[in-house]
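The first chain written gets the first letter, and so on, giving A, B, C and D; residue counts start at 1 in each chain.
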Amino acid sequence: MNIPLVSPAIRGIEFNADMIFVTAKAWILSLLGHFLPDWVVVLASITISGVVILCLGPVIMMYLTLLERKLIGRIQNRYGPNRVGKWGLLQPIADGIKMFTKEDIVPAKADKVVHLLAPIVIVVPALMLFLVVPFGERMTAVNLNIGILYFIAVSSITILPIFMGSWASRNKYSLLGGMRTAAQMISYEIPMTLAVVPAIMMSQSLSTNTIVMSQEGPYDMHWFIFTPWGIVGFIIFFLCATAECNRPPFDLPEAESELVAGFHTEYSGMKFALFYMAEYMNAFTLCGIATTLFLGGWQGLFFPSWLWFFGKTFVLICVMIWFRGTFPRFRVDHLMGFAWKFLLPLTLVNILLTALWQFTSNLAAWLWSILILAVSLWVLVKLNRTFIPEKRHYPLES
Amino acid sequence: MTNIVEIKNTDLAQTLEINFGPQHPSTHGVFRMTVQLEGEKICGLRPIFGYLHRNHEQIAENLPYAAIMPYTDRLDYVNALSNNFGYALTIEKLAGIEVPERAEYIRVIMAELARVVNHIAVIGFMLNDLGAFFTPLLYAFRERERILNLFEEITGSRLMNNYFRVGGVKRDLTGENLAGIQKIVSRFPAFLEEFEALLTKNEILCMRCQNIGVLSAKTATNAGITGPVLRASGVNYDIRKVDGYSVYNRFDFKIPLGEKGDVYDRFYVRILEIRESLKILDQALSTIPPGEIMNKKSLPMLKMPRNFKPPVGEAYGRVESPKGELGFYVVSDGTPQPWRYHVRAPSLINLTVLEEMCLGQKIADAIIILGSIDIVLGETDR
Amino acid sequence: MTIFGWGVFKGMMVTLKNFLTSYFRKPDEGGIFTVQYPEEREKELENFRNFPFLVYDGTPEKIRCVACGICERECPPKCIHIEMELDGTGKPARKPAVFDIDYSLCMNCGMCEEVCPFDSVFMDHAFEVTSETGSEGLVRHKEALLKSNEYFQKIRPALASTIDQKRKAAEEKKKATVQATPPPAAGAQAQGPQ
Amino acid sequence: MNISVEEVKKEIETHLPNVKLRLVRDSILIENPEDLPQVALFLKESPRFLLDYLSSVTGADYLTFLESVYHLYSMAQKRGPVTLRVRVTKNNAKVPSLVPVYRSAELQEREAYDTFGIIYEGHPDPRRLFMWEEFQGYPLRKDYAQEDTEVLEIADIAWLETRGIEVPVEMKEKAKTLHAAGQRAVAQKPEKPRP
């Protein structure tokens, strides 16, 4: 008997590179559908997505570390890792083995349970964030209609495990790092959330899929970033995302030169690796969401949708790495000032601008929005004199 | 003024005491300070020394004069040549030995190269303390590497040069060496341009450095602060100009002065000092005379160090090392070993005002203030 | 007034430039300056000094060192130990029986090289010195320290050739004086080492 | 630019008639150590010399007495040095501190106290600088004998025993007798330098 490998319901899908993953999943499911009852197929569908995400997270994290070390190496005129495997491609695996074989040290006076829980708790929200990221057309794991709300809610959980870890370590450096984290992340949540609002307003949806879809247009280049409010929103969102995942120049919680290693001073081995993993996965998802919101998600010409998405996300990650290779760190009070006195007012102006943009969007709109932005920027810079470098004069005497 | 070192812990419940060092990524070695914190604000700071103490002075008092030279390398191991210079000057003063002209020029060239090495390394390390992830440091080290290769070629060692001798220098500079130095000097301004583009106008750096750790000229003078830290406070005092030792008075160079005496001034004064050093190097390379490199009188001393006995007396010699005034006080009793040998270490004395500069600032500032003072523990603890 | 953020932007351009140039520039002109050590090595510079070694002419028996002990006395960290070899009659043979250098103490200052009146001790270029037994394993005995004049010629050609010339001249001078007035001790000394 | 010592001496003697001075090796020896702060303050304030910068403070051991040496410079006039010195006996090595006049003396006086045992009276923080507080003896004095590292102290033995390391009985007894006598274990000088 001839069993059809592809069920008739799936046949309708065009078999092309764009849909390769979607088709593959559908094919597996249809194959299972031949032998097993329906509820198993539904379960399998969930499991496949889950397994893919669970594998994707760590793999992305591993190769992000490699990418970061390579890029920073090149920025500093070095090679970066190039010993394990060709171009150091096996370096993350070597690092993983090293992490697993390291002794797991728990300070004698630490709160053992919380100390153990913190790295586990931090990875969970980082993985949960992957659910709503649209990796490509029809490639969102769970197409929530409140996707962005879910993203904002889950991403803010990260503060908790960091503070848990820092508190449980009973180390003063950790404690300072934890306090800094709490202050920093709560402050940067606000401008980040407000920076998302324009995108939601324009797409009139909280679903990540719909937001991407609303950026469709001629030549697939009708991205939100090509509007004045889009570019401002994107920059604010990106800066806040950098601060949210504790990356330089906002890496105060782990400030190496001040607090040794900040909140993970007392962590070693795999627990430390989990903190690291969460940080990199957060960096990836935040860049992914930034892509979704402002860079048109999977929209793009010629190439498959998932390639566009990953390409855009990796460009953003490279910019984060570039920041790390260039900037000195902020100081606590400057960091807070930057969030509350500069970014927050700017997001409010931006929301206003978006509201106006909905009524008129033509060349004149461009002009007056640039005017409004320039004026508000000028006012903000004038109000924030501490951010402006003083001019110094250095006499040369004999 | 008298109660400077006492920690003011009026309310212990509100303050947090933290040990920075001796194992800490940015205390430049094994320096240790206990910091009293109110939130992130510093309300008390106490430096603790001695983790790298090896009684340099007693080691030297048991050695013949010539054999002390390699030990002076280990004082400030970032620029050993300045230490060599100070020691050689002091012994020459003590024994009344003249130095041939060419040797003086070679000394000036090498000491200025060492100054350049030290200043770029310090700026790089300071930026690392600020949190720039090694990029400025590695750019600085890229240039430093070229100079160190040159040192290796000329002196035989990259860091522990042991190059100066009482009455001259160990080895002559060949034409090839001079060309090599000239090449470095001529390409250095381009690097400085790049370095400044990366750093000096950077808003984050300015925010972090300006008006932090201000040191007034009066306090600086009274506390015996020397070197770039003093000049950043606006005091025009450079021993190269004041004493005019060696042949420094033949060169035309200026002394950059700071405006406010904060971390940014200290950082920028160092960059300007590199430019002045390059000017001195340019002049010295074009006017270096031919001739002897060693006083004939002191040759036997090098062959038989134990036969060298300076007359009974004492001498205090000082040089402008990149860290500040490096002084050597040597008392001779007519035996081959010095009776008393003392090093006035700039890194140590510049730390006198550390607490005063840090009070009321944030933790992150304390780190960069320490970085801007530029200490080397080999010299601080001796 | 400069635009707010311009300094940050300029800094980023510098790092971007360095990132790009690292791919095609030469190490000397702003490219990658890493020397990948075990495979690549920097050029050995003639004046580089590391640990001391002893020079012999021709065969290891013809050692230049006469065990005078000057280097032992002048060594600042006192890492050299010499014992004179005695010939059958109990007289010193002007040759070291024991010549140890503790590499774990040596601080590479080059003092021994400078004070040696017999051009016997020189600083080596070999810097890959390790031991599996801690500092005891780093004590080098005479056999390990002895290296031929050819080796010396190879690592430091300029210095070695001037010293060879100097020695040759001194020998000729000595020969001339010996031929003029042969002292009785000269013959005995020539036979001594055998 | 140098300052002639005779000139300085004459100036001090005219303004501070009670102070007894003597010239030693191009430097001014202040006969009575108590006069030191007075002289230093005068030299710092006097418009003629303006010696506002204390470069170096150090001690020296001359077997019969200890010396504290000060090198003064003028930053304002760019002149110097003027060397001051005071002499004290080893039993009563007390010199008034110069910290109220020059803060640069702060760490250097601590160093001189650490290495020579000269007590600087009135120093705001008279602790040892390099050595730990429990350290006995003054390492740069000529009569200082090095500690015998083979002999353990009582504290060391206690530390070892808490970690279950057995200490030979002779060592314990030696430590006890030394501790009772309040002495340090002093090393015999090695007869021959080590190979």
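To be clear about the criterion, a contact is a pair of C-beta atoms (placed from the backbone, for glycine too) under 8 Å apart; a residue touches a chain by one contact, two chains touch by 3 or more.
Computed from a predicted structure; not experimentally measured.
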| item | value |
| --- | --- |
| Chain centroid nearest the full-protein CA centroid | B |
| Centroid comparison with chain B (C-alpha atoms), farthest chain | A |
| Gap in Å, rounded to a whole number, between the CA centres of chain D and chain A | 61 |
| Distance between chain centroids, defined by C-alpha means - chain C, chain D (Å) | 41 |
| Centre distance in Å when chain B and chain D are each reduced to the mean of their C-alpha atoms | 25 |
| Centroid distance [mean C-alpha coordinates] between chain B and chain A, Å | 45 |
| Shared-contact residues (touching 2 or more other chains) in chain D | none |
| Junction residues of chain B - those touching two or more other chains | 135, 139, 142, 198, 201-206, 241 |
| Sites on chain A at which at least two other chains make contact | 75-78, 325-327, 387-389 |
| Interface residues, chain A side, partner chain C - complex | 71, 74-79, 322-323, 325-327, 377, 381, 387-389 |
| Chain B to chain C touching residues, read off their complex | 63-64, 66-71, 73, 135, 139, 142, 145, 149, 152-157, 160, 162, 170-171, 194, 197-206, 302-306 |
| Complex contact set, residues of chain B against chain A | 16, 18, 24-26, 37, 40, 127-135, 138-139, 142, 198, 201-208, 210-211, 236, 241, 254-260, 264-265, 268-269, 272, 276, 362-365, 367 |
| Complex contact set, residues of chain A against chain B | 72, 75-78, 172-173, 176, 248-249, 251, 255-260, 324-334, 386-390, 392-398 |
| Complex contact set, residues of chain B against chain D | 1-6, 49-50, 53, 55, 57-58, 61, 219, 221-225, 235, 237, 241-242, 313-314, 316, 318, 325, 327, 329, 331, 339-340, 342, 344, 348-349, 351-353, 381-382 |
